[in-house]
Each structure stands twice: as C-alpha cells, then as structure tokens.
Amino acid sequence: MLEALKELVCRQNKALAENGLVLWTSGNVSARDKETNYVVIKPSGVLFSELTPESMVVVDLDGNKIEGKMNASVDTKSHLYVYRHRSDVNGIVHTHSPYATSFAVSGIPLEIYTTTSAAVFGCRVPVSDFVTIGEEEIGKQIVEKIGDGEVILIRNHGVFTIGTNSEKALKNAVVLEETAQAVHYAMCRGNITPLSDETVKRGYEIYHRTYGQGIKK
Amino acid sequence: MLEALKELVCRQNKALAENGLVLWTSGNVSARDKETNYVVIKPSGVLFSELTPESMVVVDLDGNKIEGKMNASVDTKSHLYVYRHRSDVNGIVHTHSPYATSFAVSGIPLEIYTTTSAAVFGCRVPVSDFVTIGEEEIGKQIVEKIGDGEVILIRNHGVFTIGTNSEKALKNAVVLEETAQAVHYAMCRGNITPLSDETVKRGYEIYHRTYGQGIKK
Amino acid sequence: MLEALKELVCRQNKALAENGLVLWTSGNVSARDKETNYVVIKPSGVLFSELTPESMVVVDLDGNKIEGKMNASVDTKSHLYVYRHRSDVNGIVHTHSPYATSFAVSGIPLEIYTTTSAAVFGCRVPVSDFVTIGEEEIGKQIVEKIGDGEVILIRNHGVFTIGTNSEKALKNAVVLEETAQAVHYAMCRGNITPLSDETVKRGYEIYHRTYGQGIKK
Amino acid sequence: MLEALKELVCRQNKALAENGLVLWTSGNVSARDKETNYVVIKPSGVLFSELTPESMVVVDLDGNKIEGKMNASVDTKSHLYVYRHRSDVNGIVHTHSPYATSFAVSGIPLEIYTTTSAAVFGCRVPVSDFVTIGEEEIGKQIVEKIGDGEVILIRNHGVFTIGTNSEKALKNAVVLEETAQAVHYAMCRGNITPLSDETVKRGYEIYHRTYGQGIKK
C-alpha cells in the first residue's frame, strides 16, 4: 500500500544523509497520505544507506501499525501528535544537523540574518523547552512553540521542520542548516545584527510569489 | 540553440554543488553568448543533481525568454543588469558558500590575507548594501560596488562573482570560499594583518602573467 | 578462519572513513570472537580504502599472531589489554575524529549537552592521562578511567570507544563526534549548561528500552 | 619515460583532492626519479579530476622541460630549488589545506599538541617569511626554515611538505591538516598546552621504530 509515498519518503530519508544533515541512524522524514490519513515513517535504528521503500513503516494517527516489518522511529508519537493537531501539515523532518543543533544546545532562538532564511522561513526560529526523547513530548512542544513558522529548534536535541508536504519540510531543514552555518561563523568573529521583522516579512512574500516553477505546473 | 553553451552552463552549475559552494536549489551560473547576446541561466528552484542541458533557460538581455520550458532563476534580472552594463562580463556565478556568506552577514569587506586571493582577485572583496531578493537590485549593487575586482559579497545574502567567461567566474567563487575559510579560522584565534595593497597588486600581476596553460593555447 | 568476523571488521574499519572519523591510515576497529577469544584487528599503516577481509590480522589475547600476513595495528596491545580486563567488551574503536580529539587536546571531560549523547552514553565522557603511543599504556588508561561508560578521550591523542560488540563501539564513535561538533560550536558562541546527571540517566534508560529493532529480533 | 612515476604522481595529486587538501587547481605533488634526477610534477592550472599520467610534466633540476605538452606548475622552480639543495628529498607536496593555511595566515609556528603529530613530525612546524608566488623564493624559504622536520607553513600562503619519497610527503600533508583542525577547535575554546620537546621526540622515535609494515617488506 501507499507504494509511491513509501518510495518518496525512503528517498527523502536518504536525502538527509546526502545533504549532511544526519549521521548513522539518527533523524527521520515522515509524510501523511491525505486520503487515508496514514503516515509513512522511517524505521527505528536503521542506517540511511540501508533504507528501502519496503522497510518504511505505515501507521495510523493513533500509532497503530498498518504495514511494515520493523519498529517505527522512536519519534513516531511526536510526529503523529503534530499531524493530529495540524491538519495543514503533511510532512515532518527531524535532524541533528550540527550547526542548527548547536543553537538548540545554546537554547536561544535563531534570528534571521540572511535573505535566504527570511525568504524561506518568514520569521525567527524558536527553541522549545527541554523534553526527553520518546513519547509525544516533542510533538507537544512543536505544536505549542512553532508559531507561524515551519522550523523549530528542540532544546539540547536538534531540529524539527514541518511543511504542507515532506519536500517542503526537507527544504526547510536544508536551509536551516545552511543559514545556521553562516550565522555561526559570523557570530564567532563579532556581533551581528539580525534583519528587521519587516524586512524578513517582505522577503518572505516576494519569494513565495516568484520562486521556483510554481506558475508553470 | 546554443547547445554547447547550455552544456557548459549546466556542467558549471553542477560544479557549484560538487565544490561545496551550494546546497539544494540555491545558487546559479549564467553565461552570455557573445554573438547573440543571449544569456543561458539555471532554471529556478531545481536541484543541481537534476539539471540537464535541456533544462537551461535562454533569455535575451531584456529578460524575454528565447528558449526553455522552465522559469529562469529568480536572480535572472540581476544577471542581465550586469551583462547590460558590463560588456566585458560574459559569465556570472552566485552562491551562498558558507564562509564567504558569513562575511556578507558580518557586513565587512574581506581584506586580502593570502597570496592566492591576492593573485586571483588583485584587490579586497567589497560588500554591497542590503537589497531584497528579486528584480534587478542585486545587479545594480554589483555594477556600482564591485570596482576593479570580479568578486562581491552581497550584504546578508551571499556571493556574486563575474568573469570574462563563466569558467573564470566559477574559479573566482571557489577561490573566494577557500580564502574566506582559512581567514575565518585565523580570525577566530586572534588578530591578523592583511597584505598591503602593493603586495596584492604585485601578486596579481605575476600570477596573471605566469599561471596556467595560457601561452600554450 | 573467522571469515565472517574478518569481513565485518574490515567493513567497520572502512565505515570509520566513510563517516569522516579517520583520515589516511590512523584509527582502527577490532572485535573479539567470543568462542576462541581471538581478536580481529586492522593491519598497521594501511589505507582504509585498501583494506580487505584477508588483510585483517588475527591475534590471541597475549598478542601472538594467529593469522595474517601483515603487522597488526600499533594499538593492538592496548586493545588486548582491554579485552583481557573487560570480559563484557567484544568490540573496540579508535579514531582521531577532529571535534572529539579537540576536547582530548583541551584535556577536559566532555559533559553531556544533548539528548542523543545522554541516550547513547548515559554519562559524561572522561579524559585519560597522557600516555605515549605503543605498548599497552592506552589500554590501561581505558580500563582505569572509562568508568560506567563506553567512550573515553585519550589525552592529546584521540578517542577510544568500546561495546559489547564492534557495531556498538562504532556507533559510540559516530555519536561522540556528532555531539562534540555541535557542543564545540555552541561553546564558541558562549557559555552553555550541561544536562543534569539525573536527566542524562533518565534519557539513557528510556532510549535503551525503546530504540531500534531489538524487540523484533 | 618514467611511466611508473608519472602514474604515481598523477594518483597522488588526485589524492590531494580526495583527502580534502586542495580545491580547483591549486596545490601539487612532485617526485624525483633517483636515477635520472628528473622531476615529475603537476601541470599548471589543471583540475585534479582531469589529470592523467600523460599530462604530468617531466623537468630536469634546472627547469628544462624533458617531456610533457603542458606548462609545469608555477611552483616548479621552488620544488627544484629544494631538490637541488636537499639530496635526501625525493617528494614534495604543496597544498592550501584550510586549517593549516589558517596558521600560515596567523603567521605563528604550529606547536605539537597531539601524539600523532609528535609521532609523524618530531618537532614543531615552522612558518616561513612572506614571499611572492613564482620563481624559487618559496624553495629558498623551505630549505632555510624547515629545519629537522618535513613540514613548513608558508606565510600567508599554505603548506609545503617534503619526504624521502612523495608518499611520505603526502602523509605529512594529511597529518598536518588533521592536527591543525583539532588544534584549531581546541584553541577556539581556550588556552591549550603543547607537548614538551622531550615528549615529542620520544613519540617520534617509538613511532618510527614500530609503525606500519616496514619490518615485513
């Protein structure tokens, strides 16, 4: 079942590794099938290089396994909590990408210093309270703290990004690490000034009107 | 049309990713065909790994699409502004390469601290005023602020490099990131002193007289 | 003899390089065969890309070569010291992974700042006294200083990790570098607070109860 | 002529790129043939990925081209100066590897902080005076300032390493970048103390007596 979505989610999980956002088995991508409300997610503790579409796990919104031979990610309950509380979200990405995670360790929101993060995110990146791995605590933090944006730092842990589909969530995760890296370097050399809220908002609006192949599809 | 140039520009766009200068879909290479004055540029929002010569977009200097099924890069108007105002420029590269971008975030010109950047650039790297993505604002900044050099930091955004051909613009982008990286590390550990203008100028002259296979071609 | 284990240890040595934990010929993985008490280890001074299962060296716990045409790693005596004194350990990994090694150069224990390192390690990472390469001095430090954990920084040298099997030791080495990287970046920007011992312990317990495919196997 | 050496030098030049020590066309490996005293070196301004054994340039110790269709590296005269003045040197490597180069930009010798650099180098890494690229000025600095070691930082430029053969010079270049990276990170977080000269010397002696497959060959 959901063969196309399992194929897509498998490929996007591998893309996490190919883009330097994850190591070993940590991190995951999930996607919701809009028709059935089933969620496809990475199995727990499997190397990204060994993932296949068949190894993806399908669960319903209550966490019942619908298909799959393996255990789903330990983060599954948090993904499902978000899907249940945010009907607009159909894709979720989790990484420990190193530069973004360092801001999660510092425990301070990541302001917007680059036109790219302004354009893609539209607002600063909040940081959650500290919560333990497992169960749905991370999911609750995401729903409560992510605000109008699609990206959140999980305190002392890593990153969660959401999107109307998993491709957008994945792009958010890539752009977050890119901007965190450049901002980190600049901060190491001295004080820097974030873009104003108005500038960020304007950049976001222009970008979402003009970027990509949207008009042609 | 312009099959060889589309092949070249496609390959050079992929080289951005292979040299660690770009991630996901951000960044682009364009080249001007000297005969027709048409410009070949990357399509907007397409992964570098998925680019093909056929997916390149051909536009004239006023931005009219001459060939191509996709939308051209959102930076196209800025590229064209530069081509219209600098008849000596036939190649332009744009990246968010992380070390160089961090200096664009800091908003200070990058002095010349290495013999390589002296040899290749010949002068310090200026930083533009802040401008929003889209339209031709970035192009105006490039023409106004790039001076005698071929490399400029775009404030809170990234890097643009130019060249008499796109190969040279690409080399400028690689060397900028290389030098920004080493300089960043040194700055993190303490104060460093840039090379004098005279030393930079002499390095540039010797290099452009002796480097490469120029005499043999 | 021990064909499957030589194959495994060869692959895990290559995984060190593939995960960015080693360069050139430095670093090694060994594993103990529980039945014979023989240890399979990397040959000395061979590039990771050139390793084959046949090039692996088999030694007994006293260091007598049982099989193999090449000299065993210069760290062999230290590996054997650990195997002799820790009957629960069947896999050992040694790397100079750069971020973790930088903490070994600083000579301070690495506190736990991330939920991942809490979950995987369960306690702070100690640092050994300074000892010279060669003989079994490093092994003595590991046994004496590693405490309840499976990871130790070797003063001014690098990293050793242990595990009930070599796969677990390898995972420990990957997670150590991942957490050292993020913690380093955060430390560069300001003071950070480690997780409390109680939080670390709780994270460790939950993780070891729920992560991976354990229950299914 | 010298087919085996051209093959070797070509492969080692590519190894510079594969080990992250060089970008684009900068950096080079050369080797001296002991019988003829001819030197094989990288051609100038050619991408590492495009090098072939046939593209290598053969010159005599006075810089006369013996074989090759392309111009030799701009650094050739400096390589030859070293070969003429150091009959024990048969391999030379030049890189702009970023961490080591950052110390060349800082202009301070790199002390020995790790057992690996102690073992491989045996003494601190000196830094040359500032000299311009081209001619044999760099070669003069190497001969004058490298002392008992095989590694030198070229002020505001990069790295040169030498060896009794090019494989050893290449290993020196890899180990230098590895140690510079870890040392840089540690220095960013606070003061660190180098190993004593006696400790460095002892590490060097043990290592050169025990490491690798020497005894077996």
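Which chain is which? They are A, B, C and D, in the order written, and residues in each are numbered from 1.
Throughout what follows, a residue touches a chain if its C-beta (ideal position, glycine included) is under 8 Å from a C-beta of that chain, and two chains touch if they have at least 3 such contacts.
All values reported here derive from a predicted model rather than from experimental measurement.
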Magnitude of the superposing rotation for subunit A and subunit B (Cα, nearest 5°): 90
Remotest chain, subunit C as reference, centres from CA atoms: B
Chain copies touching (subunit A, subunit C) - same or different residues, decided at half shared: different
Centre distance in Å when subunit A and subunit C are each reduced to the mean of their C-alpha atoms: 31
Chain centre separation (subunit A, subunit D; CA means) in Å: 43
Residues of subunit B engaged with two or more neighbouring chains: 184, 188
Each pair of chains that touches, named by its two labels: A-B, A-C, B-D, C-D
Of subunit A, residues touching subunit B in the complex: 19, 113-116, 119, 171, 174-175, 177-178, 181-186, 188-190, 192, 195, 199, 202-203, 206-207, 210-213, 215-216
Interfacial residue positions of subunit D with respect to subunit B in the complex: 23-26, 43-46, 69-71, 74, 96, 98-99, 101-107, 130, 132-134, 156-158, 184, 187-188
